[in-house]
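Two complexes come next, and they have one chain in common, chain A, joined by chain B in the first and chain C in the second.
Moving on, here comes the complex of A and B:
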């Protein structure tokens, strides 16, 4: 038995029909900020943020997602899943051409998922881990065969997460060093033209785009401006019209928001779900005892951090999962996450666990490492030093450059506690499991379980959470997962970061996708 | 031997002497840079979010980073001697190409800055020395002191606030107008407009330096015996200043300018960053954090060559400024 998702088709055709009706939107160049300059353009190898800003305009995914979570058909027109969830059939769009004129077919989908994403993509092996093979009965049908049902897979088809790449330009080559990387050929609304190092990436309108009437813009230029104040000035001057992922720092965004021609939104990050947190070394050093980690979670005034350091943009964490997972009924509020911090309770926990204060009121000393991604994190470190000092934990702050820090935390485990942020992505399987599973203790791999927390009971729950097709059972599994994590606290989640998009109000139509800045901008236009 | 053949031989000898110096610089830089924790693979993998150790090992092998250091050095030296600066793994491009691409922007900024700073520095220093202890001298000295003491990034930002945001005369940043993609003559005008603010900002600092130096140097020369002699001969003050004193006073300023050409590549990092000027300084700065050692070594090699060449040019200018100095 198959259930066809007609609502997807409806939503999609309405959206596209509405956009195509207006011809007067066409023309113009959008220049926007890309910060920092990307290391390569191979979005099928690297999920690095700045690549995500550029490449989804060139490569497309099978689906896109709206802000309310509905799927928008892009290269796939619809999909259907078998009753046991082990076979998923995609009906691909007809008449789609790569930028070099070759037709897009099911063979491209098969090749992309099996030979590219499952092998060289950082998150692909996880997103498609249950996919054993893909059948291509004809050019417009791709049938995914799964070992186990994988409900989370349907959230990972956006262009940023799983870009479809041309088989004819990669087949038989070493995928990691193929020339396609920096000469991308996609199916998207914009064609790659030029990457002037240190200056800009230029994309021009794809005149043969499969959706007639789109895109509206003639050209998109991603500019690199290393200095934050200059980026702000360029925005004020109208030289750039769009800036996401805090390319304009919050401190300036607050000021720019007051202008008539510039506005700010927090939308467009719900598929990313960034969470600020503290990782602990649970194997050695002062934080082996879960009681201390719990006390730290209880002591921190999350509201203060958000309001003072991030100018009010953020939501206090209430569990190990982001509250955005409420939409899929996976999030549950947990104890040990007081919004404003409760130092008396934290002190009580430490007293009870037997950590005595010495003559200076110090119970224990530790070094706090800080993610080297900017001033905000240093300030967060300074706050933590003070707040934890109040409960007798004396901190020394350490701020190193990116390679040194990565080596310390993920190669040598030579740290005690580490402020960081993780993308929880559209499903816990994709973004949260890597933090806690025993199989995710992978020395030398970045942004996985650096706490080396290992709990067989939790591992079993994570497994059932990943493969459970029944929504109610899945909810129950994640509730238990969150309870264990709120108790053991291998990671103290601080707050859900709310990144900003700062944009010039004459840029319209660029805000509907849940992928936000990682979207295609095919419906964006300039309203002069 | 005539003077020109003498200079010719001298240049040849100095260039030959430069080769071991540059090689030594390359080797020292190589080991210094390898002292830093982490390598290009760590950074690439870190930015990608997650990557397996096997994948990272594979990358290291591909980049040749799995070889012992002395082997890596020999390979690098061999490449350098055949004028190949290696491959930048981060940019996925040959280093030669990357540097060539950026050098034009740096060269443009450097040349216009040197001309502006040295030219105006000499002029202002001269004026201050001639009008010693008048209001003109005071204004110039105070101006030089303030610009010398002001941080470059602040000057840059203030320039943007005043001339881009408030007056709208110049663009805030970049080298070209990316919305327009001008060609031909329009392109030249466009680049010049973008060049104005970075040049002024970078010049101000050096301008102050040359002004102060020129003033001091002029005053020192005024006290020399030959000036007394010239006065005794009955030469006008004008002739003494412009023909005799000026020429001698220029020597230290030229020396200083020569030394600073090398520093300008690195010293422009701040200005390049503030104005998003796509030069070598910024490239070097980014490469350091990306542990892109091949690229970094290439840039260092280029700047050491530049310093050797410019110092040679300065030495030759000496003997034109002061015929008593001979090359040999």
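Moving on, here comes the complex of A and C:
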């Protein structure tokens, strides 16, 4: 209790301090929720959510992206692509220094992409798969040489997706175990100061930041509060000012929204594109037959799941691609995705495919694994058990801890169906191909093609979709891809998750980046 | 028996406790008659308040009937309570009897083992066991049994130590009875009353542990229990109080009733208390 009181007092005094310096936006401490505590701070090795909340304040990318999708130059001032799209030249910003004082140069970019992201990053090998080499004619020019044009690559330069890391601290070391991981040295607006395990991560203002006048805040503190109702209370009493990725449960967010000093937004996730889904084991077990998977997709009342479990935040899936890809003309609505579910149609599909009900009305039995990320997903599992029970698919729910679950699904393939969610990211090549490509059956790598679905025709289409510079042809390729997937359904998409940001209205300037909470907060300030 | 009942009923609170428990058992047995639908079924409008939309005690976030959950959950909670207690009493008697009867090295070894179990905080140990075995009804029963037998073992050992040197036991020895027969047929019946009293209280503890595990998300996701209801409703306590309040009250009443019964059994079975009133 004393501790709580002390921290409230501290927060209070900091706020007062902030008010004094209000005129020029500068000063103040931003406490925000990081949930759960990150396993490491090596954002160049892991894309785990909590790491993304902290590290883009320390490491920067070549570009950032605005909510409308335009690129914001960060470490690169500009870029130009050759006519054939196979050479991309980046003009890097001059006068940028690492937090240890060493200059940032094109050698760092070359090293980061070729030796770090392409090798140890979960998504880097895909984002930069066409990059064969990077030339560095001088300190401020990096020339990417590509096998094939890769338009999607330009969407993956944000700090969360492709953080630029210091060559001089990683070169010659084993990248996965180098000490830089938890003593990060970046170029960003905030410097890493300390990580008190179980309590907080503290970042202080980088006084030598390359853009004069930024950042506004003196300090950012990422707090770890394991209990959801305590997190909500911390938000209510102003102890924390910002909470993203549903650190505040939806039901509380709806209540807090009514307050004058707290607001809620679904912005800041458009580059992330999270999609809730069911992965099926298509190689063995009860779901080898696509007809059953289709019937499941048809039976599910997606609207009900969104309204009851996520309190209305979400959009029913209508295809293998998120409707956010409408912006780039890649999304097409597909059959077998009824918004409210159609159990009669689902039963008809199963009857036609010859799955008879036994005396108890059961056609087949299966085990449903649930992503162990909290109560919402348990509710989702409980709903699915009921809904699929109605079409004769009797489910047993299995809820394990994270490592056991990951091992079961991605290392041993010892599962039948699995509720999960994937980030579709700003381009299907980055976020969607990894579900379906034969080359993405990578035993032991998380969040790739665990269904082990393999279809040469689809593989060819995915390849042409990735490398196609002509927009109309690309649209056509993805339409065909979505048709195949709506028929075969190796993965049944449920709904597009709309994560919330719950924030105190005195925090301003933190919402412009399309990266949202995974952004740098360099323009955030406190306004009392 | 008539004697036992007349002593038991002198404790009015204990009679009340027994009445409540019988009621709950009847409720559990007739669960499928009272609410024929699966308690997991989504039967109505989510988060309906009590006494609205046809829900006696309201509905939870998915539209499941809380009253149905409580009635069906009673089955699980009581079953786990009784089975876990039986298992742990059995293990406890086994360890305690051998340690108390044989003494010496056997006693030392068995009691050191018991102490190892006693030094680990029981609820945390139960969490660990369930997490390792993956949550299911059998793993929960095993976990509860494993953490609660040491108390019984120490109690039984003490009783055996006290009884084993009495004349009737020595007489049995001279008659040439086997050790096992003496333990089972001569000494054990003389130690039963404290075991019954402790066992009855353990049922209450077991129900609490099960609820605690389910509350933390370590319940069997396929089986309705009171802890499950509370765990599912706790995040919305402030906006939908009824989802976890009613199962909480059910647990409270049950545990209280069992404790009252335990008290009554103690009065009725403990010879030293006979003349107290």
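As a convention for this text, the second predicted complex is superposed on the first by the 505 of 528 C-alpha atoms of A that agree within 3 Å, B and C clash if a C-alpha of one lies under 4 Å from a C-alpha of the other, contacts with A are read in each partner's own complex, and residues count from 1 in each chain.
Here is the rule we go by: contacts are C-beta pairs under 8 Å (C-beta built on N, C-alpha and C of every residue); 3 or more make two chains touch, one makes a residue touch a chain.
Everything quoted here is computed from the prediction, not taken from an experiment.
Student: Specify the outcome, clash or fit, for chain B and chain C once both structures are aligned onto chain A.
Tutor: Aligned through their shared chain, the two binders fit side by side on chain A.
Student: Let me test your reading of the model: by the given contact rule, A:401 touches which partner, first (chain B), second (chain C), both or neither?
Tutor: both
Student: Go through the superposed model and pick first if A:181 touches only chain B, second if only chain C, both, or neither.
Tutor: first
Student: Under the stated touch criterion, which partner chain does A:521 make contact with: chain B (first), chain C (second), both, or neither?
Tutor: Neither partner.
Student: Look at A:197 in the shared chain and tell me whether it touches chain B only, chain C only, both, or neither; answer first, second, both or neither.
Tutor: first
Student: I'd like to know which partner A:377 touches here: chain B for first, chain C for second, both or neither.
Tutor: After superposition on chain A, A:377 lies in contact with neither partner.
Student: Tell me the contact category for A:229 with respect to chain B and chain C: first, second, both or neither.
Tutor: A:229 contacts both chain B and chain C.
Student: Spot which of chain B and chain C makes contact with more residues of chain A, would you?
Tutor: Partner touching more chain A residues in the overlay: B.
Student: What is the contact status of A:308 with respect to chain B (first) and chain C (second): first, second, both, or neither?
Tutor: Touch partner of A:308: chain C, not chain B.
Student: Contact-wise, after the overlay, does A:59 reach chain B, chain C, both or neither (first, second, both, neither)?
Tutor: Once the two structures are laid over each other on A, A:59 reaches no partner at all.
Student: Per the contact definition in the header, classify A:249: touching chain B only (first), chain C only (second), both, or neither.
Tutor: In the superposition, A:249 touches chain C alone.
Student: Can you work out, in whole Å, how close the C-alpha atoms of chain B and chain C get once everything is superposed?
Tutor: Across the overlay, chain B reaches chain C at a minimum of 5 Å between C-alpha atoms.
Student: Using the superposition described at the top, list the residues of chain A that contact chain B and also contact chain C.
Tutor: 229, 401, 404
Student: So in the complex, which bits of chain C are touching chain A?
Tutor: 38, 40-42, 46, 61-63, 131, 134-135, 217, 221-222, 231-232, 234-239
Student: Tell me, which parts of chain A touch chain C in their complex?
Tutor: 228-229, 249, 251-252, 255, 307-309, 370, 375, 378-379, 381-383, 385-386, 396-401, 404
Student: Using the touch definition from the top, list the residues of chain A that touch chain B in their complex.
Tutor: Where chain A meets chain B, its residues are 29, 31, 36-37, 39-40, 45-49, 120, 122-123, 176-177, 181-182, 196-200, 202, 219, 221, 223-227, 229-230, 233-234, 236-237, 239, 401-404, 406-407, 411, 423, 434, 442-448.
Student: Using the touch definition up top, name the residues of chain B that touch chain A in the complex.
Tutor: 36-39, 42-53, 55-56, 58-59, 62, 90-93, 98, 101-102, 105, 153, 157, 160-161, 164-165, 168, 171-176, 178-179, 181, 272-276, 278-279, 282-283, 286, 289-291
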